[in-house]
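What follows is a set of structures for review.
Note that chain A is present in both complexes that follow, paired respectively with chain B and with chain C.
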Partner chain A sequence: MSSSDTDGKRNVGTYFHGVIRRMSRVPLTSWLGIVVIAMYVLVALFAPLIAPYGEFEVVSQRPFEPWSEQFIFGTDQLGRDVLSRLIFGARNTIGIAFVATSLTFLIGGTVGITAAVVGGVVDQAISRVVDAVMSIPDLVFILMLLAIAGPGATNLVIIIAVIGATRVYRLSRAAAHNVVSLEFVEAARARGETLPWVVTQEIQPNILPVLISDFGMRFCFVFLAIAGLSFLGVGLQPPTAEWGSMVRESAALISAGDITPLIPATAIGLLTIAVNFVGDWILNETSGLSDGR
Partner chain B sequence: MNKASDEQLEGTFVNSTANPILRMLTQRIMLGILSLLIVSFLIFSAVSLLPGDFATQILGGSATPETLAALREQLGLDLPWYQRYVVWLGNVSTGDFGQSFSSRPVTQIIGSRLLNTFYLAGLTALFAVPLAIGLGILAALYRNRTVDRLLSTASLASISLPDFFIAYILMLTFAIELHWLPTISNIRPTMDTGEQLMRMVLPALTLTLVILAYIMRNTRAAIVGVMSRPYIEMAELKGESPARVVIRHALPNAIGPIANVVALSLAYLIAGVVVTEVVFAYPGIGQTIVDAVRNRDIPVIQACTLIFSVTYILLNLIADVISIISNPRLLHPSGK
Partner chain C sequence: MKQVVFPMVDDRLNHSDKVLTVSDLRIEALSGGNWSEIVKGVSFDLQRGEVLGLVGESGAGKSTIGLATLGYVRQGCRIKSGGIIFDGEDLRELPQGRIRSLRGVRIAYVAQSAAASFNPAIGLMDQVIAAAISRGGQTRTEAEARARALFSAMQLPDPDNFGSRYPHQVSGGQLQRAMVAMAMMCRPDLIVFDEPTTALDVTTQVDVLIAIRNAIQRFGVAALYITHDLAIVAQMADRIMVLRHGESVEAGDVATMLRKPKHPYTKSLWAVHSIPKATQPQSLGLLHISNLHASFGPVKVLHDVSLDVGYGRTVAVVGESGSGKSTLGRIVAGLMAPSSGSITFDGKPCQPLVQQRRRDLLRKIQIIYQSADTALNPRHTVRKIIGRPLNKFHKMSGAERTQRTIELLEMVELNGSYIDRRPDQLSGGQRQRIAIARALAANPELIICDEITSALDQVVQAEILKMLVSLQQRLGVSYIFITHDLATVRAIADDVVVMHRGRVIEQGPKDVVLTPPFKPYTEQLLASVPAMTTGWLDGVIAARSAANSSLDVKHGN
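Entry: the complex of A and B
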């Protein structure tokens, strides 16, 4: 993909050297991003080992206890340890966003490629519906569907995935369009392969790079949407530790100059910044659009 | 979409007698009306996914079958769906959104609050759009230099932050630490305009930061995209200053994409005010939508979704019109 940026003479290197050379060109912001993402993933995976207290454990009789050695970020309105809820929140917030994003790509990618392969009326019909759905502002549409379906993690994931899938549909349909007319697809069809085979075995591997470079951006959107909805009180429901709801529950402290509510908000912001920095770099590398050269 | 615009392009060249701009404009407006119809139908039919129907929702579980049937007849629920859609569409287009589940008319619940929301969004756009385009031009002018890198890193970071984070940081800084502005924006009609504006500064500033980065990055991208064209090189070789090349030569050709991204951001702004309004307790539509979702008051949220979608489609239509009018090649179809 980015073979054009190796400088002529040193083209003959082992695969390993190539990787090293490429890694050394990764800008500092992306390195920071990668480190931060790795840390979040580790915290999310090993939450029960790292957290000093349990997710729902009431550790203090006093609500909103100040920061101390025993409770590093104090306690919340029910006397639960804020740091522990922050750590378990990583698991819930990131986990759900990841599941929703994957589902987004599964739906959008499958339907998009299928539409490109089948073409004709089916393609036109799906595309018109997708256009219409995309002209309803995301957040309001999600809120409307949530009002209809009722709250709950499963409903939230499905609704966000379906709405997000419209954009992935556009992308994968356009990418698949370029592949559909190639000879190997024709060959596969000529030897009588079924539609699922053509979609998953012939086309999908060829458009995967495009989809992967879009994954980061989609993840950020989904992650921020879930945090925002939980902040509004219509996303993940208590007592689940979730960063958006944690901001909401302690928001009153802000007017007293206490920055505790900003900690989960920072946790959200830091991860999306990291993902965006890495995603931006991947996009530049894969699209060859890095301007000014 | 693509197919349609290809046909339009062909039409422009083949049929040079008809005014191409007029033709493209009518085509866009027809497309806009078509998507309005599809969207309204989507929103209308989403309600039919509800368990039970309007009548059960309004009267609750304890209603007798007779009262239910009476209300259904009163609300027109006994008609087939296509008749109900036509009736609903007719009512909606005259501003009648029916009754909410709390049995007050929807228009009464959302009316004044919706105006407040548009007021806040309009005020924000007034500042944010010129500022964002200006910064985008600046970044394109100094592309790949320190100013550009700083702006691009800062804007990428601000895109990544959740709205409520920006809102609370601003509140903490300007209202709680510096005491310059009030923490809550509960404006009332009885306040004078100065007081109202003062209370709107923080939410407007939050929203500005939310959409600024997006418009700025896309303005820069649109101009940089034009900068690689041969005629720009020609202008540079003529010895024109970089500022003149960007503003006089590149910018006019980037107006189309910029208009589109501004329309998109403004549409986002109107829907994205929800979080900001809740943080600052601004009496806009935000809190009403959240309450409606919690109480599952579908008619209210249905009306809001429809109004936001209509705004979005109208803004997009305006952007399309601007990009068609601003395209100098279309003004001289026979010259090509």
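Entry: the complex of A and C
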């Protein structure tokens, strides 16, 4: 080894040092977002332990009982504890949104990268179908498909995932296009690698940062869509606790000066903002827009 | 021929003769949270009309010093101590506004990549005269007239209308000359040339070198010429300073430095051009290409190319960029289908595309690319990069694969400690070694080397070439060596194929092709390669003006 060739060395210790240094530079808004998301996730995971009552448990004879020490946010139209339903709602809303978003990326990412690698007629055909789907307003299209397939958690997840996948397709295809032209992909082809290898091993790891930061934005959209659909009555069906439907069920109270319906709405808004903060930060870190290394 | 006469520098003769004094310059860079010195106490003087060549490998601090003489440091760097005295004023103590008024007017800079330095959305004229108008105190009419005169002095085509073109409408060499013209606009006292010809072809390089030489001689400016190419610095500089790791190793006038360098490091730089290689005996063909034609859509890129590669031999394919040499390599590797012609490998016909070739054939032909940065997946570790062909072609896994990976790393003069690194944790030379190890992992019979050393600096280049030669002797592998660098060809080739615009101009054993009498194109190519002697460029200029005057006579001028 000549000394001229050794300057690339960097040991593992400095790598972790770098990670710690990067974490210490995370902006305040992102910290806030991380803390909020962590709280939501903890609440969702440990809902049965935290909630004072059960999800479907009718705890009061009177509907719409006001806030009290016994029922912190009062009860709903059937006399169920609002706080408990809020806590279980985190589980349902976030869980379903997460599953739907993951499926969105699995479909959109795989098809997008494949289209970029294969190119030619296949790419054109898929892209035009995607364009056609994207030209129909999302919410209208989802409502229509739900009307055909009937409401229900599984249908909801599949329909949202397929519609959302069109946008992920666009993104991952564009990102993969920049990678496909690099020589290591050509080297893999020269080695006789199969399409699944090229897609999953050569390209996907390189566009992962872009996909991860978009995951946050997509998650917000899916999460809002589910809440919106539930508010309209075609999303998650009763008696499942869901923030969107909880807003609808207690909406009438707002005219009586009760702010209870704003609580699930705030829960929705806060999570959306928190995910956006973190997503922005990840995008900034991975896109090379930030000045540090 | 129209000769434009510029007023010589007379109005500034009252200034002192010393244009620039750099004394004990120390520059620090921020890395991993700490400041570390990247320039460690460099000192030099520059007289009016003198050219100082800064030579060294990449990372030696050449460009950092060059930028510091403009009173500028890159982001993440700072000047720790030392003086940069330009014409009696210390740039470190001047206010930013004053430094700005010097830049582009009295101190000019010519960057490596003109293509990246010009704004593609603005016409050339506006960019060339911008500084002259805003800070140089010239009116637009004056500035444009001067720019046209300079375009003509730089021998740019159609100098009167050259400025109305956009950067993408002119060639790389012309753009680089336009940048030299821009630097000359305000008759600066000092020009910093930062590797101005590194990105160019040999034949274009000569034009730019002549333009730079003319500019320096006519205007009598002082210049700092930064390069890693010793043959070029021998043409351009009066004095040479050799840098290594931010320190000056040795300095002196060109002739002395070339003839008797004192420091061992300088000697090692000078020795790069001589790699001992025993010529392989002539042998039967491993690869036989006959009458190959290829095109990109309507554009034909290869016309009737035939060549043979013998067992254990090295065939160098040389030519300028655009000559079709890389396309030839890609066709042999099965990455592109020829439109007609045949390829025979080891006596058997070869299917045109990778998908149709059997795994065994894929194993036998490997390709190594110019830029190891893009040829290695940045998300894979060395273990995965080298392990994959072992797994794919030799069904190795587990401890056996790790064992073989370490053996391969040792073959390319690295060791097992590199196995878990990613490409971004390696230097450029190390990455190229990993790419070579990946090719060797397949146990190939033919390796296509596509400009594999042209992105590396000279010392690393020589190490890698030496290694390839010794690997060939041990493993008996054949190489197709695609390059535009004739020094490399001389060093390692057995046979040479000269290509120009998709055709084979000449081919044969190295000794036949590279010794006189030459074919005309081969001669032109050879004449464009700077020699390691001081008078080479003067010889070229003299030969050209002789050729021009004989042309003028013919045309009756």
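In this section, the second predicted complex is superposed on the first by the 274 of 293 C-alpha atoms of A that agree within 3 Å, B and C clash if a C-alpha of one lies under 4 Å from a C-alpha of the other, contacts with A are read in each partner's own complex, and residues count from 1 in each chain.
As a working rule, a residue touches a chain if its C-beta (ideal position, glycine included) is under 8 Å from a C-beta of that chain, and two chains touch if they have at least 3 such contacts.
No experiment lies behind these values; they were computed from the predicted model shown.
In the superposed model, A:G74 lies in contact with neither chain B nor chain C.
Once the two complexes are laid over each other on the shared chain, residue contacts for A:L182 go to chain C alone; chain B is not touched.
Applying the stated contact rule after C-alpha superposition, one finds that A:I136 touches chain B and leaves chain C untouched.
When the shared chain is aligned, no partner comes close enough to touch A:G164: not chain B, not chain C.
After overlaying the two complexes on the shared chain, residue contacts for A:G235 are found with neither chain B nor chain C. When both complexes are overlaid on chain A, the residue A:G33 reaches neither chain B nor chain C. When the two structures are aligned on the shared chain, A:A190 is found in touch with chain C, with no touch to chain B. Contact with neither chain B nor chain C is seen for A:G108 once the two complexes are overlaid on the shared chain. Residues 291 of chain A contact both chain B in one complex and chain C in the other. Those residues of chain B whose C-beta lies close enough to touch chain A in the complex are 1, 35, 38-39, 42-43, 46-47, 49-50, 143-144, 153, 156-157, 159-165, 168-169, 171-172, 176-177, 183, 224, 227-228, 267-268, 270-272, 274-275, 278-279, 289-290, 292-294, 296-298, 301-302, 304-305, 308-309, 312-313, 316. Of all residues in chain A, only 1-2, 4-10, 14, 17-18, 21, 182-184, 186-187, 189-193, 201-202, 205-206, 208, 291 touch chain C in the complex they form.
For chain C in complex with chain A, the touching residues are 32-33, 57, 59, 75, 333-335, 354-355, 357, 359, 362, 366-367, 369, 371, 374-380, 388-389, 392, 413-415, 421, 425-427, 429-430, 438, 442, 459-460, 463.
Residue ranges on chain A touching chain B, taken from their complex, read 29, 128-129, 131-133, 135-141, 143-150, 220, 224, 227-228, 231-234, 244, 247, 251, 254-255, 257, 259, 261-262, 265-266, 268-269, 272-273, 275-277, 280, 291-292.
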